[in-house]
Each structure stands twice: as C-alpha cells, then as structure tokens.
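These notes open a run of structures that come right after.
Two complexes, one shared chain (chain A), two partners (chain B, chain C).
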Partner chain A sequence: MSARPDAGHIAYLAVNGAIITFLLAPIAIITVFALNPTPYISFPPVGISLRWFEKFFSSPEFMGALWLSLQVAVVVLVLSMVIGGLCALALARGNIPGSRVLTAFFMSPLMLPAILTGLALFQLYLLLDIGRPVWGLIMGHTLVAVPYVLRTTLAVLHNFDRRIEEAAAVHGASPARVFFEVTLPLIRPGVFAGGIFAFIVSFDQFPISLFLVMPQGETLPVVLFNYMKFDLDGAIAAASMVSILMAVSVVVILEKVIGLKSYVKL
Partner chain B sequence: MADLSAPALSVPAAPVLSPRRPAVSAIAWAVGPALLLFVVFFILPFGVMALLSVLTGNPAIQSGVTFTAQHYERFFEDSLYFEALVATLRIGAITTVASLVIGYPLAHLMARTHSRIGHALLLMAVIAPMLTGIVVRTFAWMTLLQDRGVINTTLLSWGLISSPLKLMYNEFGTIVALVHIYVPFMVLTLTGVIGRIDERLEQAARSLGANRTRTFLEVTLPLSLPGILAGSLLVFALSISAYVTPFLMGGTDVLTLPMLIYQQVGASFNLGFAGALGVVLLAVSLIVIIAYNNVLGRFAGGEKMA
Partner chain C sequence: MDQSASSPASIGLDAVSKSYDGRVRAVDAVSLDVKPGEFFSLLGPSGCGKTTTLRMIAGFETVDTGRIRVGDRDVTDVPVHKRDMGMVFQSYALFPHRTVAENVAFGLRMRKVPKAEIEERVRAALALVALTGFEDRRPGQLSGGQQQRVALARAIVIRPPVLLCDEPLGALDRKLRQQMQFELKQLQKELGVTLVFVTHDQEEALAMSDRIAVMNAGRIEQIGTPTEIYDRPRTRFVADFIGEINLIERPGGKALAVRPEKIVLGAPGAVLDGTIDSASFLGGQTLYRVALSDGRQMLVKETNAGERPVRSVGDKVGLAWAAADGVELEA
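Presenting the complex of A and B:
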C-alpha cells in the first residue's frame, strides 16, 4: 500500500484497528478479571490480587481436571503426529487413486459438527457397553486432531522438492535410508507444528468431551462450563488465563518452529 | 463414505491404466492407521447414530427393538423442533454474513502487508483467539455483555444509558460471540485467496483512472469471490454446530439443534430422538461441506486440498 495518507487509507486502517480490537479485547479483559479481587465479575477493577489463581491452583476439582486434560492432550499429540504424519506421506507420495477425495474425507472432522462426533461416539460406546473409558475420549480427540497434523505435513510435503529424494535414491540409498535421512528431517517441522495444534485442540476440546467424560473425571473445559452455568467469578478468569497463556506460548513456539505461514496455507 | 477408502487398500500392486498416473507405491500403506481410526471411530459411530435414529430402543440392553420412523415423525410434527432448526440456520447465516463483513478488511490488510514482522503480528492476532478454547472465549463475552458487564457498566457510568442494555441472553449476544469465535476461519481463508490476486491488476485499474472504491468493487472483490464462498461455507458449517455459546449466551431465548441434541441425551436420555436430530444436522452439514470442497477443488484446480 502507498504511504500517502489520504482519507480512504486512514479509514481502512481505522476499520482494521477496530477489528483487531474486537478480536483481542475479549481475551485481554479476562486478565483484568483474573486479577480483580471482588467476589463477582465487576467492572471497573478495584485492585490486584492473586486470590483467584490461588483458588484455581488449590482446588482439587480444577487441578484434577487440568491434570486429566494435560494427560489426554499429550497422548493425543503423540497419536495424531504418528497417524497424521504417516497418512500425509501416503497421500502425498503413495500415488493413491482418488487421493484428493480421500484427503477431503480425512479433513472432514474439522467441518462436521463436533457435537455429532461426540454423540455418535457416545452411542457407539453405549451400544458396545464399554462405559466411558479415557481411551475412548482420547480416540475422539485424536480424530479431530489428525486433520491438523495432516494439513501442516501436507503443506510441507507439497513445498519441498521431490528431486532431493530422487537424488538420494539415484546415489544408491535404500528406500528406508531415503525416508529416515531425507524425507523425515524435511517433514519434521510440519509434523511438529501439527502436533502442537493437536495438543491445543485436545486441551480446548469441548463438544466431544461433553459426551464422553465421566462425572468424576471431567476435562478442564467441561469443568469450566459446568462451573459457569452457576457461577461467574474470578476463578474462571484465572483458569482462562492459564489456558490463554498456553495458547499464546503455542503461537510463539509455532512461529519459531515452522512459521505460522505454513499453517495458513489452506 | 466407506467406499472411498476401498481403492486405497486394494490397489497397491495392481497395474494402473492411466498413462499419466505412476504406479501406487508401497508408501500408500502408511494411510492404514488413519483409515483404521476413521473407520472405527468415525464411520462406525455415525452409522450407529443413524441406526439408533430408526430403532425403538437400544438393542444392546432392550429386547423386542424394532424399526420405526417415530423419531423423524416427532421432529416434523412438533413445530418446536422445526423452529429450532430454523433458528440454527438463521443464527448460522447471520454469523456468516457478519464474519464476512468483519473478516474481509482484515484479510485484505494481511494479504497486502508484505513486511515479515507486520504479517507475523497480524497472523498472531488472528490465530491467538483461535487457539483459545470456546468455553474461555464465551466466558469473555459474558463478562463484556452481561447487565453488570464491562460495556453496560461503562455506558452507565458515562451517563449514556440509564438502565443496562440487554446485550446477552438473546440471539444478539449469541451471534456476537459466535462471530468472534469463527471470524478467524474467515480471515485465514480469505487471506490466502486475496494474497494470490496479482496486485498489478489493481495497479492497472488505478492507472486507467478507476478510483480506490471502483478498483475494489470491479477487480479485487470479483477475484476474491472463491474465497468469500469457501470462507462463508466454512463459518456456516462451524456456527450451526455450536453448543456452548448459544447455551451460555442465549439463555432461554435461544434454542438451537445442538442444544436440543444434548438435552435429549443429558436430560431425557432419548437416544433414538437424539440420533434423529443428529441425522438432520448431519444432512445440513454434509450439504455445506460438499459445496465447500467443490469450491475449494475448483479454485485450486484440483491441485491440492490442504
């Protein structure tokens, strides 16, 4: 854009400023409530205290939920990196007929209502009479996390020069050696970036968890939701801060590891 | 959908007829784990959901279960349910249009920001909210829009209003929060498309005497139409499936299909009817998803999906 300051350009920037404020202000406002000591959400803030963080970190209910969410998210991270990474390789390098349709199929959990995935899994587990095991929850999360790994890994695979692999093969490397010494190092950033998304998607996952958690073993978003139905106090804000800080660090790590751009190549 | 997966497993060694397509390589087997995951935890459960929606009960724990259309009849006979479907689609449509209006300028700015740092900062501003959970973001909007929330308290203290505006526990509040949650998807889809428009076309229009507005309306906007369509379908598909936000922001004023579905499971434990509602929502979503993939496929020229 030209730097010439005319009215149209100023309006353009002002509108965008307003939009960015709309995007970020709600997240910023949570900080205010997490630090405000009043018993209920009230504005303007009257001071600064850490009592809500204390309440959050000393509540067995919140801590149990946080711990469960973290454990589930770590397993989902590993599973979706392996499953999604392999799947991306097959789709990009396997010359599978109809791989475009297959890719769309593997991406579809992102667009299908997650609440239906939750309902469907709930009904399946009920029909099989297996109760609501934690691994069942993990598989549900993995299903919606795999597309993220698939997307970032495919983006990397589409960008890198296939002739590098061919060169290695021509020089006598076995297919296994080509894979471990050429392909894997090249796609690693894509798989990692996808894995980081998978972690955060699982950590924040709500609609599937809603159906699949046990009353005594709820994940953090479900506990927060149930708490919010009755009470809006700073403990929720403190819990939210924890999850926002996690998201922000993820964004920063992603930008460092792979650059956010590769994720955005939709 | 299961048919799609068949060729992937059965073809590896078979000769391929098309001269342009190289033989399926051994690496195709790597699709296996994903296929297994999707068959067992995606296709099978949705099949069960569809099955339960036409049964009188749960065959695993009851005997004498028969096929029935009662759940679908109930959906079409009681206007409450049909109204919930209409409300779901209406909220989805308004959310989509608002996301487009709000998302377009930001996507345009992102696509036209060429400095690396500027671009990264804008991306962070878009992706950070996206990575914050929906429960957390809905909470944020509750603190802003409730009667004693930030907006009402501020307006009251400035003397601009004398009693709190009703900003939430209605469709308005629901839509505001939904737009905030789904606008990043719109921005990211649009940015890609606008970024690929050759800027020289705009410069040519300008140098031929078109002003900024006319250049935008006659060059940039038509060229970004595929992105507008894809982004809108994506946001629509996502917002019709929202549960948390309508539940917490809508109060008693808003009843959407996802809320009804959970109600049937959580409160009434009517799995068959929940399944029927699920199938209705699924049908709407599938239409939108197929349209989305068509738009994307046509736009990318069949070259890539991811």
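Presenting the complex of A and C:
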C-alpha cells in the first residue's frame, strides 16, 4: 500500500475519533464526578466512592421525582405511539386534502422552543382554571413527543409496498385482518423507534415541566435544577448517571423485546 | 394431496370502463370472456389499461360502468377478500415478517382450514414449486426467483378457481424469466386453473397464452390465439406491436401487412423490386433491409437452411409473397 491512502485513513480515524470523544466526553466527566468523594465538584478526582449514589438513592425527594418522571415517561410513550401512529396512518393513507400542511402542523411542536410551549400551556391551564394536574404535564410532554413517532412512522409508511396489503386482501383477509396481520406488524418498528424518542424526550423534559409541575410533584430534571441552584455536589452527577442508564436500558429493552431491525429496512 | 383448483371458473367482462379523476378513460368499454382453464393474457404497452383491467377483476379497483362475472357469480360489487382468487404480483408482495411456510399458509388460515390440513397443503404447494426445505426462511433470505415461487405457492395453495398474474416475471433476469415461463405454463396446465396474465412482453404472451387480448389506450384492439394475433393482426397497432412487420400503404388509409419471414427473395421482376441495403446474420436466420425504388424499406427474413444463393449488399432482388400472407389492416 502507498502512503497516501494510509494518511487518508489516519485522517478518517482522527475525525471519527474526535467526534466520538466530543459526544462521550460529558458522560466521562459526569462519571468521574459521580465517583469522586469530595463534597464539591473538583478535578482531578481524589478517589472512588459510591457516597453520591447513596445520597441520591436515599433521598425521598430524588426518589419521588425519579418515580414520577418514569411514570410520566411511560404514559407519554404509550400515548404518543397511539396518537402518532394513528396520525401517521391517517396522513399517509387517508387521502386527506392538505395532508402536507397537516403534517407540518403536527410536526410544529418540534419547531417551537419548548420553553414557549411550556409557557403557552401554563397560561392555557391558568385560563381554564384547571390547576396543574399530572395529566396536564403528561399532555404537555405528549405534545412534543408525538412528532417523533409521527416522523418515524411516516418514514416507514413512505417506503411501504401496498401490494403486500393487497396480497393479503386478495387471498382472503378482510380490511381489519389486513391491518392486524400486515400493516401493524410492518409499521411497528417505526412506531417503537419513535416511542423510544418519546420516552427520552419526556424523561429528560425540562422547559415544559418547569411551567407545569406542582411544587410537591416535580419531575427529576426540575428537582435536579432546583438542587443545583443551592448545591453543586456529586449527587447531581450521580443523578445524571442514573438518568443516562435509565434511558439506555429502555432503548436496550425495547430493542431486545421488539427487535427493531429484525425485518424492516429502516 | 390433490392441489388442483376446486374447479376452474370462466371470467366475463361486460363493457367495463374506468377513469381516474375525470381524465381519459384508463379502461374503455372492455368486454372479454375467459374460458374455464384458459391461459389468457392481457398484452399491451404501459398505460394501455391492462393492469387496471386485472385490478378490477381482482377487486382492488371499482368499475365505473359495466359488470364483471366469475363463473355464474356477478362479482362487480363483491369486496376483494370475498372474490376467492389467487394472485401473483410483479414485486412478489410477500409478507416480509413471516416465514415462507407462513406466507404460503396465509390464505388457508384466512379460510379457517384446520391446522393439520394447512400443514399438509403448504408442504404440497412448496413441493410443487420446488421449494421443499425452505419453510422456515424469511422472504428477505431468498433470491428473486425463489420469492416468486413462494408467491406462486401462496396463490395456488388455496386452489383458486382463478389465478391472476400481474407481470409476475417482469423483475427476473432474462434467463430465469424463460425458465419460469415454462414452469408457470406447466403448472397452469397441471392445475387446470383459469389464469389471467398481464404482460407488456409480446414474446412472453405468444409463448405462454391460449389466447391474448391486445390492449391499447384503454381498449381491446384484438382478441385471439397467438397464431391469429401474429398471422392475422386486425389493426396497425397489433401488427406493429407484435413482432416485426412491413406495412404497405394502400389508398383510403388502409394498409397491407406482411411479416418479414413470409417474403421470398428472388430475381428482380417480382411483386416489388429493390436493392439489398444491409444484411444482419441472426444465426438461424438472416435479416435483410431492402430499399425499394420509391425509397421505402422492407424487412425480409430468410432462413439459413439448405442451398441458397449468397446475397450481399447492393444485390438487386425481387420480393414476393403468397397472397394469403398479406394481411389487409383496418384503417
């Protein structure tokens, strides 16, 4: 081999290495802080301890917030898959006039800064005088989570060979059976892929939650934010680690259970 | 186990029309009768309405006007899943999330056939298309030819009175296509099923069909056996679309059509005289382009057999043909 392709290869590796480092550096830093026993965030670390994890897991405030965040995220996951999946089917299949405009409309929560969405919902709930119930928070999260499911499902539907449904119909499947035997199994990976995003968007959601949570029912990101205003110790880093692990496990579990890439070219 | 069709059905189309969005008619008053057990082809260029016609028989498209009959049953208003047909698609349209065996079993499952019988019939159908041992594969793991066999097995396992094929061999390469043509024809004969075959490939239609309907711009130009269509084309379109042809214009917009291989070359002083412009050796035959004195060109195909004079470019020749081989076309 000549020297030139080698130089090119080295540059290729260097660029990719830089990108991966850039993406993973915050996680590495958080890991270091979470395991460092000093009572303030400092570098270099002086040792390894699990005291911040202990503090996090023994705090009723953190635990309550984590539990609420998880519950909200799971409900948002289910709601956004149902709403986003059905919306995508209607938009792709319904022969609805102006379906392109409608698609843009349903995607629009992604274009707005979430903090505006949060403020708008806050004022709406105030006007309606409904207080700040948990379902109001769930609705706010769902609003920004649905576009993710909508987009991934539309992508699958876009490449969908409708002859497959016709083949089912001509060989004796009623429209309902065509849907459950063919359409649903084939769009499911798209719906679940969007669902994973929906879960993470809700679990990590801060700007909308900030406006919509009650003081005694705050989600984990809000609790972390409030905590950081007064304390900046390793508990924050430990909480971040737990959040990351939580998100990763949901992705892994969904991948294992559903097998996202088992039969559909995404 | 007996895989033959329950009993092959006739198909009748009575003045069936279909247009989209008020535009020109995709299918314009098409009437045809397919006999039980017949291999019937709808042949024409893309956009001629052949696929729309097939899709109306299947029930994917509604008809604007006209009636469709299968056997003694008027199916015009019967939904797709109750028409009891088998169908093979150009894109195979297999269920990618199911195994080969599950794909083939689909129609039987929809018909609530007992499980033991499903297994037996799937096994027999896969044996018929030479895919025994592929039961647990996914469609994505098969070649195009194998996928099309699975699609065929899925369609025939229900023993349909009618089998519809929408350009089923169009996605295969030439060699595989010829082999599948042969196999499909054999299978159709064995099963005795009525088969409606859509294709734009005239050679394929000529080789496989009992009868052909040549379609153009939503209408049927001619229905006949392959020999009738080839030897006795009725219209310019049919003459031109099927094989090579010489058209000799006649007064009043009429024309006489003569196939290149029906013309005999001889000494000048025959029906038409000309000069050989080019000669292409095709193996079994040689194709000559003969320039007539008035500037027109004629194609002549001569079989390379026995003692024949050697002809070369520039030779003066006479062209003649039996009166029966000249076909008067409708204006």
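Basically, the second predicted complex is superposed on the first by the 231 of 266 C-alpha atoms of A that agree within 3 Å, B and C clash if a C-alpha of one lies under 4 Å from a C-alpha of the other, contacts with A are read in each partner's own complex, and residues count from 1 in each chain.
Methods note: a residue touches a chain if its C-beta (ideal position, glycine included) is under 8 Å from a C-beta of that chain, and two chains touch if they have at least 3 such contacts.
In this text the structure is predicted, and so the values were computed from the model without any measurement.
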Partner chain in contact with A:182 - chain B first, chain C second, else both or neither: second
Between chain B and chain C, more extensive residue contact with chain A: B
First (chain B), second (chain C), both or neither touched by A:173: second
Partner chain(s) touched by A:228 [first = chain B, second = chain C, both, neither]: first
A:237 touches, of chain B and chain C: first, second, both or neither? first
Which superposed partner A:161 touches (first chain B, second chain C, both, neither): second
Chain B versus chain C as contact partner of A:39, first or second or both or neither: neither
Chain C-contacting residues of chain A that also contact chain B: 175, 263-264
Of all residues in chain A, those that touch chain B in their complex: 1, 8, 12-13, 15-16, 19-20, 22-27, 29-30, 33, 40-44, 82-84, 86-87, 89-91, 93-98, 100-109, 111-117, 119-124, 126-129, 139-140, 142-143, 146, 150-151, 154-155, 158, 175, 200, 203-204, 206-207, 210-211, 221, 224-225, 228-229, 232, 236-237, 239-240, 243-244, 247-248, 250-251, 255, 259-261, 263-266
Chain A - residues contacting chain C, complex: 161, 163-164, 166-175, 177-178, 181-182, 185-186, 262-264
Residues of chain C touching chain A in the complex: 58-60, 79-81, 83-87, 89, 91, 93-97, 106-107, 110-111, 138, 140, 151, 154-155, 158, 164
Chain A-touching residues of chain B, taken from the complex the two chains share: 1, 4-5, 7-8, 11, 16, 21-34, 37-38, 40-42, 44-46, 48-49, 52, 58-61, 102-103, 105-106, 109, 112, 119-120, 122-129, 131-144, 146, 148-150, 153-154, 180, 183-184, 188-189, 191-192, 212-213, 234, 237-238, 240-241, 243-244, 248, 258, 261-262, 265, 271, 274-275, 278, 281-282, 285-286, 288-289, 292-293, 297, 302, 304-306
